[in-house]
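Presented sequentially are two complexes of chain A, the first with chain B as partner and the second with chain C.
== the complex of A and B ==
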């Protein structure tokens, strides 16, 4: 049984609202944090080993300690609720069902960082969640957890919700800040980093929803205790949003001690592949991380059991491994076409490219067109090499990581499923009628039992 | 001349007050949402100019934002806008078939509006409902686990609501 510290209380009736949330120990971390100095709160977060839950996995305590503190200049905390990575819907779940957990985490974090105005930047499509959050903020405020001189500490803080308007790129922190300033979401060149020059040129920390919610259990149990959950540098719990061809899609909290196999087949989690089919492939951390065929997903290239940890998912690098990313876990069954799936992702990145950098603006469009040709039986064998060449020229050559995010899924699909691409090209008619199938990608465990 | 109601203008003041003094440009995105809702579901040049005047911005500062974000409709749309997700996880769960079905049922293509101006079909990229796929956004809410039967029900529901409002 995996340990839960974030969504353990989600099934309590009325937990969405202040009274029930408070009755179940809510806002205790604020009371505890306000008895500590802001620097001590940052220290606890450092000790917890918490890593950013948005996708990059950067240590949160370290990010916080980079925040510049010039005299007389306001500092800002911005919560990144722009969740837009295909396969990811965990922040939505947290905000929808446990809004006060996020507000509580935001108050503690604002106190630690000295942010008197804290913004939640939420993707525009989550329109109804804006209402949920605003209600929770109003409840917190009427119970004196927000406003002026909170709990007599002299600390003032307000939280505001800002809605985006449909742009994946605004999940990138500097694009988010541009958008929050009322501009197009074009990422900024770093440095300067937001910790020095962020929102309205002031020092700013941008953290993901899940990261900020995790501050609550960290303060409640202490950083050292929190760090005991998990394995190695993968401390604490992680929310995973599982989707695709599985029996039980949804949001799961895992402590990072379980295997990928357990996560896919365990009744407590995904409950196996839907309709009794076999596992073909999986993107374990949101659409930008490399897709893995079943055999490499369940075991590393060295033959070790692959675990649901940052390190184990990345074992083997991009040659034979992938990434934890945002925790968007996308499962493909034996009947799915990797070419078509990759095409939808390429189209996504072409649509979402902000257009600032030519490798990304042009390259994402070229990749989509070539994949379209292959998918619809008009491809050539040389197209596969051309695709490889284009993705390689995008990766690392753009201002923000969207270029990498667009390149990786294409690269991994070719790396592991090249024969499926070739089959499409060589069998243009047949590939319009049926999919390639499982071939040799089958999960070795299943092949034995079948 | 278009104008927000007094209630809405009060709301505009509240939005501007959520930013530090002099940073009202930040309000352009929320105000464009409001304008789209209030003035017929899309942003005309007149609507965008009105938002610019409320925030003391140059019109171009509003146009460049309105043209960047996919939720703003720069052309008129039907009374009910079906925004159907077509990205990976939805595709794995049959969004292609759902889109085809809606096209057939409403007899329009993607990006088109029915002649009675009731429905517009738009395909969108991942809206964050991957575990509840296939899905579409309709107004403020998501419609999830779509099937052909559900699509029929939604179309019926829209027609009923439209008849009630007339």
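== the complex of A and C ==
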């Protein structure tokens, strides 16, 4: 049984509300943290080895210590709840069922960073969660966990919820800040980084919902204790939102010690591929990370078992590996067509590109059109090379990571499933009749019987 | 001493120069001049916050600074990256940069209409220059291009979004030169457009400057549109006593007639001093201006071709010469080329004369 520290209490009736949450040890971390100095809280987070759960996996403690602290300038903490990555829905789950966990994490983090005004920038589509969060904030405030002079320490903190307006790009931290300031959500050019010049030109830390929620167990159990969970630099637990052709889609909390194979086939987790089909491919970390075929997903290129950790999933670089990303675990069975799948993603990125810098604005649209042609039997063999060339010229040449996010799925699909693209081009009629693609990627490995 | 600016040594394409701290790589390269200067479609030194968007000015930084000589992993936008002491930059000496630049040019051109012959900006278009330098002769884009309706933004400015490359310069002009910006970017991605919401005219004494900053033919002067080609005009520096602006302009004349008035531009195509709408659109008589002399135009610019010296206008119009006949073709191609079939009456062919037409005729025979 995997250790749970975030959503362990989610099944308690009424945990969504303050009284029940408090009865079950809620807000203990605030009491504990307020007895420490803010620098000690940051130190504790550093010791925990917590890495950003939003996708990039940057060490949170390090990010916090980069925060500039000029005299007389306010500092801000912004919670990035603009969870829009296809396949990722862990933050929604956390906010919907454990809103006070996030509020608690925010209070501790605000204290550590000295943020008197903390914002939750939430995805516009999560309309009902805004109500849940605002109710939770009101409850916390009426119980003096927020407002002026919290717990008599003289620390003032307010939390505001700001709704986005439905743009994926506003999940990029600088675009989020622009949007929060009331401007068009275009990513800013870095440097300066938000830690120096963020919200309203003041030092700002932007963290993912799960990252901030994980502060609570870190303070409660101590950073060193938290670091004992997991393997190597992948410490603690990670929420994974599993979806696709699996028996039990949903949000799972794993301590990062299990293998990918166990996660897919274990009864405790995804419960195997639905309808007795075989595993064909998987995107292990949200739509923008490279897709991996079954053989490379379960074992690395070196033949080691691939684990659900930051390092192991990235093993082999992009040639034979992928990324932990935001934890959106999308599983494709043998019946799924990789071309169609890639087209869907390309369409998404084309729709969501902010249009600020030219490679992403023009390249994403171009890739979608070419993929559309291949998918609908009008493609040419040269189109595949062209796609490769386009993605290569988008990647790394854009202002923000959306360009990379749009390029990687296309690159990985061509890298691992080039014959399927070719099959589509060479068999246009058949590819229209049965859109299964090729099935011989089905896993060659025995399944685990847990 | 405290006021003295720090001087940084920076090497661009093996040329080492000294520039003040806080200079961007692009500006440092411009102080060297020549081929090492990265092209810039969106950056405008006089507009704060501009740059970083078009990605044509990408350069490779092979050593960040003396203190931290690690290379930067990604190509960086030279217009928005400041130099550091001991920085080593590769512009045209880097294959990666050239490849990325070619890629950006291709991206910029896939949705840009390639109809320079009928575009008012031709001859002074930065995208045209860029694609001559870095573009390919053919396109790999096989789809319909993005098009928009033309919009008149008031009596003086026309917006044709089809040509726009979304450099945001006009947005920055309105932000920084006028009190209230009335246009901006609507939508996102490849369907985003510059627009006034919904149909508004741009009213401001300085809004005419958006025409000058537009690198392509998206924003054009309605008082000049299609009146003439820029290379037929002779630019002349002139000034007047203007209560609103410096009054220092370039007049674009043909004969004695002033066709248009623009601000003076430097060698990077950037306006030297902003001018007001009165100077730009109202004062179109030579007598309004004190002429200083011809504008120095780069010898390689197409505009410098427009110095027609000693040309003589024909005394009578062409039909008079041709005995009353108004010719459809100025040259009788039958006499020039053996390739064309003299049997076929070109004027009777529907549509353009392509090889198919000639082929069909042969089959019938």
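Here, the second predicted complex is superposed on the first by the 439 of 450 C-alpha atoms of A that agree within 3 Å, B and C clash if a C-alpha of one lies under 4 Å from a C-alpha of the other, contacts with A are read in each partner's own complex, and residues count from 1 in each chain.
Going forward, a residue touches a chain if its C-beta (ideal position, glycine included) is under 8 Å from a C-beta of that chain, and two chains touch if they have at least 3 such contacts.
Since the model is a prediction, treat every value here as computed from it, not as a measurement.
Touched residues of chain A, counted separately for chain B and chain C, are more numerous for B. Of the two partner chains placed by the overlay, only chain C lies in contact with A:386; chain B stays clear of it. Of the two partner chains placed by the overlay, neither chain B nor chain C lies in contact with A:100.
Contacts of A:369 after superposition: chain C is touched, whereas chain B is not reached. In the superposed model, A:359 makes contact with chain C only, not with chain B. In the superposition on chain A, contact of A:167 is made with both chain B and chain C. Contacts of A:189 after superposition on the shared chain: chain C is touched, whereas chain B is not.
Of the two partner chains, chain C is the only one that A:397 touches; chain B does not reach it.
When the shared chain is aligned, no partner comes close enough to touch A:197: not chain B, not chain C.
Looking at the shared chain after the overlay, A:89 reaches chain B, while chain C stays out of its contact range. Across the two superposed structures, the residue set of chain A contacted by chain B and also by chain C is 167, 184, 351-352, 354. Residues of chain C that touch chain A in their complex: 51-56, 58, 74-75, 77, 80, 99-100, 103-104, 106-108, 110-111, 140-141, 143, 165-166, 168, 184-185, 187-192. Within the complex formed with chain B, the chain A residues making contact are 74, 83-89, 92, 117, 123-128, 158, 160, 162-168, 179-185, 200, 241-245, 249-251, 283, 287, 328, 330, 332, 336, 340-341, 344-345, 347-348, 351-352, 354.
Chain contact summary for the complex, chain A toward chain C: residues 167, 169, 184, 189, 350-359, 361-366, 369, 386, 392-393, 396-399. Every residue of chain B that touches chain A in the complex is listed here, in rising order: 18, 20, 23, 25-30, 32-33, 61, 64-65, 68-72, 86-89, 91-93, 124-133, 137, 140-142.
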